[in-house]
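The letters A, B, C and D name the chains in turn, as written, and every chain counts its residues from 1.
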Amino acid sequence: MGDAPAVVRPAREIGSARLEAFSDGVLAVIITIMVLGLRPPSGDSLAALRTLIPGLLIYVLSFTFIAIYWNNHHHLLRATRRISGGVMWANLHLLFWLSLVPVVTAWVGAHDQSRWPAVTYGAIGFMAGIAYFILTQTIRAANPDTHINDLLGRDVKGWVSMGLYALGLALAFIEPLLAYGAYTLVAIMWFIPDRRLSRSSDGEG
Amino acid sequence: MGDAPAVVRPAREIGSARLEAFSDGVLAVIITIMVLGLRPPSGDSLAALRTLIPGLLIYVLSFTFIAIYWNNHHHLLRATRRISGGVMWANLHLLFWLSLVPVVTAWVGAHDQSRWPAVTYGAIGFMAGIAYFILTQTIRAANPDTHINDLLGRDVKGWVSMGLYALGLALAFIEPLLAYGAYTLVAIMWFIPDRRLSRSSDGEG
Amino acid sequence: MGDAPAVVRPAREIGSARLEAFSDGVLAVIITIMVLGLRPPSGDSLAALRTLIPGLLIYVLSFTFIAIYWNNHHHLLRATRRISGGVMWANLHLLFWLSLVPVVTAWVGAHDQSRWPAVTYGAIGFMAGIAYFILTQTIRAANPDTHINDLLGRDVKGWVSMGLYALGLALAFIEPLLAYGAYTLVAIMWFIPDRRLSRSSDGEG
Amino acid sequence: MGDAPAVVRPAREIGSARLEAFSDGVLAVIITIMVLGLRPPSGDSLAALRTLIPGLLIYVLSFTFIAIYWNNHHHLLRATRRISGGVMWANLHLLFWLSLVPVVTAWVGAHDQSRWPAVTYGAIGFMAGIAYFILTQTIRAANPDTHINDLLGRDVKGWVSMGLYALGLALAFIEPLLAYGAYTLVAIMWFIPDRRLSRSSDGEG
């Protein structure tokens, strides 16, 4: 760090550590400011506390959603050697969609029975999935020589996630609760296999 | 970092440094956005400033609460070599409960004499204690070969903390101030022994 | 890190890694709290969602604006060996102007057809450009021995950016939309050449 | 990082890099959320923009204030080898006072002609100075073997700062503007010598 020789080499690669640190910073802020959407109850009674429940449930879902992205992003960048300009922008594109999660979470928290917040929530989840897919593709293009078979397995889950978001988005027009059911399925799906994956890879050592 | 050989190794361990950096980021944001719950006084008089006192006191308590978790979390991860998927999720589970501290702090600041804010504050402290306990257990399971005797000592304090949070939670139904007394005891308990512990371990060298 | 010998050397250089980490932290927070200016719609209808569109568009522009600065700042500090006190303050001066972006973004989002928000947006972009130029000059003065030819190329784009901000600022008095057009041109200009630059430098290896 | 041998060493020292990273995170969030106190003007006119000027000026002062602490803190921790529990808590104590800066800045921004906001601003500056002094003393106690002569010079400026904050606090009872004059002097004093110090130390190499 900073110990480069006097003749500075051209910035051939931006460094995945740096990109990951910045992304981690943004994700840490996103996951935390989301709680600002959970306004303290306006009264001091148990009834006032109860009004917070829908907001709290959607907060749990969004927290898990960002956590899953952090987890996957972390695994993806660890397997990445070369960061091109395209990877930089694809990563920022992903962070852009994720940065909208706190706003839509606050909106859903205030209107948990309504159609459009549920549709918007799914649309942002879908677009984040697209952005993640684009990121994996730009990383592949920038790192043609590396083994990325372990990433391929994740792509399948990525497509299922996007399918579930699209399904939830459509279901929101019938009944918002069904939409949140679909979005919750995505979270559960990612939660379980990641656990298995890292356990099996631990066993490899 | 980033100087891995061309054949990228499978992500066998996620890296405790990375996990710690992300957790530090989240904790740094939590401890700082909590101050947003301290609204500037609405007037410009000394009397207006005085209305801030209950909010300021509970802010001090919550600041110390998060600081203690940062401190303990730091010691725990330093003694950890292998991070499994379970550790990742147990850590996020802990961060989830801690992320609720700013909301409950703002609620208590606005209703410092009321029962339910005091109960909720204790419940979140209790759940954070449970989450920390789960985290230590998943770390033990993932690191069967390491010496973690130094963590055992801390577990005792963890159980006492949870007992005090449960006691405070019950006392809140009688008198909220008693509850905050119990929660303050937890902070004092952690404050003193940590100081002693690191001093004695400094002496070991 | 922390492995310095017992006799601590005077802090001869502050370390570009440290400066970059702090700047990254500030930029990560800026880019994320900007989303707090995007208030959730007040209703639950599609019409309510539509009222968010101007705010969302300016958010996209500001997100890209901060992202470009992060990108350039990152390249600049990578090519920097010695950090003087002047560089420290020049860097903080740049962060100061960038820290105003969330406020002006929220203002523009609420008054997208008005003259003064458009003027202020351009003025902040212009001042950030000046601050970045000052930063490059203080870095050159502190690092007389390094090859910084690759930075010279970027300066040209910096001047064009400042010209476009000044033009947009003037156009805002005629029609605010023209101003935003000029500001968007700046973003597009930086977006495209950066991609080319890093691709060509990848090819150098 | 994470490459510790199988037998994990007891956490003898917490690591100044870690402490600095956490402090940097908190300071980055403080310096950035402070901008949330700068509410966008309520109208879209130049007159509405002008109402922001007092808030902007105090924001500049507070931004510089936090920047100076970041700078000094950075130099201090670089010269530190051993972090005891006492240093941990002294550091958190300093961060606590600095975390109050955004609230008081917002208060002053709304009541720039009033006595008590000016008094409170000075009191927080004074307490932060005390906290910094305590931090330097705990660091000295934990690092008895290191040369810290370079820190001694800074202590003089620390005492002058605290004197100016106390003076400003007293002047606020006569005329708030005089108080802000004194606080601005503190910022100017730190700004100039830091520049000189690092330039002269650059010359040493």
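The definition used in the following text is that contacts are C-beta pairs under 8 Å (C-beta built on N, C-alpha and C of every residue); 3 or more make two chains touch, one makes a residue touch a chain.
Here the structure is a predicted model, which is why all the values come from computation and not from measurement.
J.: Pick same or different for copies chain A and chain C, depending on whether their interface residues overlap by over half.
T.: Under half shared, hence different.
J.: Sort the other chains by how far their Cα centres are from that of chain D and give me the top one.
T.: Most remote chain from chain D, centroid-wise, comes out as A.
J.: Through what angle, to the nearest 5 degrees, does chain A rotate to match chain B on its C-alpha atoms?
T.: It is a rotation of 90 degrees, to the nearest 5.
J.: So what's the Cα centroid distance for chain C and chain D, whole Å?
T.: 24
J.: Which integer distance in Å separates the CA centroid of chain A from that of chain D?
T.: 34
J.: Tell me, which residues of chain D touch at least two other chains?
T.: Each of 13, 15, 21, 25, 28-29, 33, 36 in chain D touches at least two other chains.
J.: For the complex, give me every residue of chain C touching chain D.
T.: By the definition above, chain C touches chain D via 1-2, 4, 6-8, 10-15, 18, 21-22, 25-26, 28-30, 33, 36-37, 82, 84-86, 88-89, 92, 95-96, 99-100, 102-104, 106-107, 110-111, 114-117, 120, 142.
J.: Using the touch definition from the top, list the residues of chain D that touch chain C in their complex.
T.: Listed in rising order, the residues are 13, 15-17, 20-21, 24-25, 27-29, 31-33, 35-36, 38-41, 43-46, 48-49, 60, 63-64, 67, 70-71, 74-75, 78-81, 145-148, 150, 191, 194-199, 201-202, 204-205.
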